[in-house]
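By written order: A, B, C and D. Residues from 1 in each chain.
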Amino acid sequence: MALLEIRDLHKNFGAVAAVAGVTLSVEQGSLHAIIGPNGAGKTTFFNCITGEVAPTRGHVLFDGRDITGSPPHRLPALGISRSFQRTSIFPRLSVAENVWVSAYGTHPLAAGAMLRHADTIPGLDERIRDALHEVGLERHAGRLADELSHGDQRLLDFAIALAASPRLLLLDEPTAGLSRSDTQMVIELVERLKGRYTLVLIEHKMDMVMRVSDRISVMYFGRLLAEGSPEAIRGDLRVREAYLGRRA
Amino acid sequence: MARITRRGFAATAAVATGAAVTGFPYVVRAAEEAAILGLWDFTGAYADVGPLMDVGAQVALEQVDYRAGDVKLRYVTRDGETKAGAATRRAEEAIASEKVGYIIGPWSSGVGLAVSEVAKNNKVMHWFSGGTEDISGKRCHRYGFQWAANPWTAMDAVLYAFRQQNANARRLYLFVADYAFGWSLEKYVGNLAPKYGMEVIGADRHPLGQREFSSYILKAAAKNPDAVFMINFGLDAVSAARQLHSFGLIPKVPLIMSWSAGVEELIQLAPEIRSNVIVGTNYYYTADNPVSKAFVEAYRKKDKQGNPPGYAPAAAYSLAHMTIEAIKRAGTANVQKAIQSIEGAEVEGLVGTIKVQASNHQSIRPYFVLKTKTPKESQGPLDFGTIIHTSSTPQPKELNECADIGKL
Amino acid sequence: MRRDRYSFLLLAVLAIVAPLVLRPVIAAEILIFAIVAVANNIILGYTGLLSFGQATFFGVGAYISGLMIVHWDAPLWLILPTAVAANVLLAGVIGYLCVQRIGLYFIMLTFAFNQMFYFIAYSWTTLTGGEDGLPGVQRPEWLRDDLAFYTFVAVLALICLALMKRIVDSPWGRLFQAVRDNPDRAAATGHNVRLIKLTSFVVAGAFTGFAGAVYALLYGIVPVDAIYWLRSGDIVFMTLIGGSGNFFGPVIGAVFFIWLSETVSLFWNRWPMILGIVFALVVLFLRGGIVEVLARIAGVMRRRRDAG
Amino acid sequence: MTFLIVSQIINGVVTGMLYALMGVGLTLILGVLNIPNFAHGVLYAFGAYFMLAVTQLIGGFWLGVLIAPFGVVALGMLIEYFGVRQLYAAHHDYQLLFLFAVALILQEAIILIWGPVGTSILPPEHLAGAVNLGVTIYPKYRLAVMVITAAIVIALWLFLTRTNVGAIVRAGIENRGMVEVLGIDVQKVFLLTFGIGAWLAGIAGSLATPIMGLTPSMGFDILPITFVVVVIAGLGSVVGAILAGILIGLAQSLTTIWFPEAAQVVIYLLMGLTIILRPQGLFGKR
């Protein structure tokens, strides 16, 4: 069953069509990667899903429900959570507080507990601990997020996304700008998450995508060029041309 | 380390005690010394007159060598900032730390009224010189005194003098600064004009601090008035006069600056602009009396440019002078006695005889009306005009709003 | 949390000592501005929004309180809640329009709205007294005495500070900080950023209006400069100079600001220049404010003690 | 009545052009440096006072108009170089607050140097008095100001659209990142933009002297109006700033015909209306 469905999505910036009619569905529990050379429209496509950009035409359906044009802050409550390409954390809050913000955002008590002390809201501690445990940052819980290393900050970004207990996790180039060892760490984390969450991954690092994905969609000039299993994509001539053509 | 801490603590305690003593409000005043607070606007909208007023007050105190009879006078100043909030706070502070019993100033009516409340609450004598009629009207109290002429007196004098000069003028167009002072003058002009065979054909209120009068001027010009009658003050009046000139309305049509600072305003206007102007003012430096002559001489020595004093320094001088008189007549620094001694008294002051009305603390004193000189007539850059009329006709009793001057 | 309790205890002690050292009305004024500065810090320090229009709420609070006393002789238990409610409404409307825009635009809008309300207050002389201010705001009988009034203000100020502390410690407070640090991330974690900004703005507006309402009682007059934009500048100044990174910093800032302007103005007529210079230096070199200085001194002393 | 309205329209355009000069300067600095220049008003005041200094020391009205704005440019560049530049790394709030502090300092400096009492400068003799336009009489000097400011606006437009430097400044407003990518020394662009903004404030100040006179507080009086111009125009729109300036000038002077007390409030009402109906400003894209 498809958890996320995109139907004929268009996005124009003036005369430029950044996304020109993409249709695709993401199966529950799968890791679906969207790749493509720079400028293929991946990020715009992604932003259309997260609500940061309103599509010109077309629909986004989550769990059968039309969420086209929902503002970003509505999505976590539905079960959609995301990480950011550039590490996006709250630098002047502690690591635990960073995760708290996300856990509280989808907390059922949210409205009623407004005037309690933030740290005494029942039910949050556990979720914060779990999220930090998942990425291995428990021992840094009390530290200021700003003081973490670059790689740890990226992990924190993941923890923030996970604390919302999402059904769908959108990952926007999770290894961009990371060192080799940090990249490895993130890949391992993604592999750990695979199967437990439905994952949409935007990447242009082919090797990583080939290694972790269940299914791959290739975008090129705003359109879907090809879609299929990693093996199928690897063998696809058009994909090869698109990548090689750019390189040449 | 421990020793330092202990010493530090002792020092802190000493400072705290000292401050507590000086700062505590209910301290017995030193015998026969009176502290006078000059609350002048050194910053804010009236920052231009603050320093001049300070000099004016100093002249008055120096003339008596800081003594009023047997009482020693101490003069302190604070910045009123042309802000009621700051001025009241400073007054409170000075009353506490300097044991001030007498306040003179500030310049602005709004701030003056606020300070008047402080004076009333703290039982401190307050002399004020600004345009508001409330000090001796609606909000009169036993501790507040008004030195400036009553606006009714002023408008009556100006209209009378203008009539003498321009027998055929009938139609007046008013520019009115939009605040309480402006309205009450506007009201009086409306009431008094028919008495002198004139009528108000239009009046425009402009915000205080207005610098752009062209639209008001065009409106006035459209009505073809026989005179432009301005009820505004300071830079507002100067800007308006300047622009009236650039539109060619004056000097063709006479201009009346009904409540003017005199010198301080006229000095900002080029001689061409001020060649057909009737100026009403609380003081002009050619006033023919010995107090004024001595003051002008002493003031010009102290002024950086040697300018003669205008309304502001004269007011400050006179406020100090009246305060000194009150203390001298009482023969003691006791504020209540000083107030009783000046109530109903007649003082030979800067503008001539000043009678302090006991019923509302309004000074009955001459108001001056000048006719400016044309560039040809003028005998120098500081020869602005001739006094053509003075009047001290008091405001009719039924118009005064001071119901009860209250108790000490 | 224990440290906060000590801070409050220290504040209470200082509040008791203050009228012995200062004239009660001046001490009361300092406390009133302490409320305003701490409230401003909820927007500035916690939410990361610079408002150049806090005088709007201060002034409106003051006018409401003044008018209710002058015209209806209304009791305080009615006046103070009315002032708060009105400012919640006003801050809601102004805030709603301002938070639509971010950054510089937000600042300029708060500033321009301040100016708009100033001119309304200024021009609507029949209501506000305009330039002359609104006089005759009599304190109720039991507050006529300055010391009694001070005690009243001190109690209110401590309650206000405690309430604001409660708010910044609540989930709202943490969300304010999240929005300050990273609005996009805050949105992506399920929070309505504009609503959070608006809440912060309204909270600050309410407390600022409350302080304004009390201020009207202080000298019995509501001066028009209560609502002038330069006062908004002063409020930002107090907040920053004390230290916007700390809840109690702005309290120190309010004390320092009033102390500085009082002392310097005694010596030099051009004292605002000194204020400007101090402010420029703080912005250039000491963005943590006085709190940072104190923290550094404390750090040095601790290190020295540890060494010795 | 017709002639009153006509003359008020001319009048509104003249004052509006002065607002426009201020607004454009503020917009340029805002667009390129991303700071609302709180010292913009005080730069305007310095334009007027430098004008006073030149006419007193050297003499000659037009010489003053020529020289004084460059004094302001020097002042503006000093502020940028020694203050604002030191704060680029910090949040832009701090730059703004620094400029606010500078405004306080410079306003006091005016009082220290030229004294607290206001003064005035007469228009040059060949522009003294008024001229009959048929529908209304109107001061010659104000008409001259209208022509001069229009010329300045056109010259500025040509500078921004036809020169390389202007193109860089425009690029800076559109997209600051691009300027950096193009390999241009951003710091120089900032300094230059601040200088141009200061020049515009300076020329507005010096041209305004015969109309508005000089007072130390004149900068703080015009600053809020300038902000409103930019808010109504929309962030970073030069054309918008010019039109918004004229719009405000017109609104102000037309209001005085029917409701003079509201002449000041009306510009803020206009602003409020703009924000409600078109939050990004009349010409703003962002």
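Simple rule for what comes next: contacts are C-beta pairs under 8 Å (C-beta built on N, C-alpha and C of every residue); 3 or more make two chains touch, one makes a residue touch a chain.
Note that the structure is predicted; figures quoted are calculated from it, not measured.
The minimal number of chain-to-chain contact steps leading from chain A to chain B is 2. Put simply, the chain nearest the middle, going by average C-alpha positions, is C. Of all the chains, the one whose CA centre sits at the greatest distance from that of chain A is B. Chain geometry summary: the mean Cα position of chain B and that of chain C are 35 Å apart. Measuring from the averaged C-alpha position of chain A to that of chain D gives a distance of 47 Å. Computed from the mean C-alpha positions, the centre of chain C lies at a distance of 32 Å from the centre of chain D. Chain centres here are Cα means. That of chain A falls 42 Å from that of chain C.
Looking at chain D, one finds that residues 111, 261, 264 touch two or more other chains. Residues of chain C in contact with at least two other chains: 119, 122-123, 270, 272. Not a single residue position of chain A touches two or more of the other chains. The full set of touching chain pairs reads A-C, B-C, B-D, C-D. Chain C makes touch with chain A in their complex at residues 1, 166-167, 169-175, 177-178, 180-182, 184-193.
Those residues of chain B that touch chain D in the complex are listed here as 45, 47-51, 178, 204-207, 209, 211-212, 214-216, 218-219, 221-222, 235, 238-239, 242-243, 246-248, 264, 268-270. Of all residues in chain C, only 50, 97, 100-101, 103-105, 107-109, 111-113, 115-116, 119-120, 122-123, 229-230, 233, 236, 240, 270, 272-273, 275-277, 279-280, 283-284, 287 touch chain D in the complex they form.
Partner chain C is touched in their complex by these residues of chain A: 50, 71-77, 81-82, 84, 88-93, 97, 100-102, 104-106, 110, 113-118, 121, 160, 163-164. On the side of chain B, the complex with chain C involves touching residues 1, 16, 19-20, 23-25, 42-43, 50-51, 78-79, 83-86, 88-90, 92-93, 95-97, 108-111, 113-114, 117-118, 121, 132, 134, 139, 178-181, 183, 207-208.
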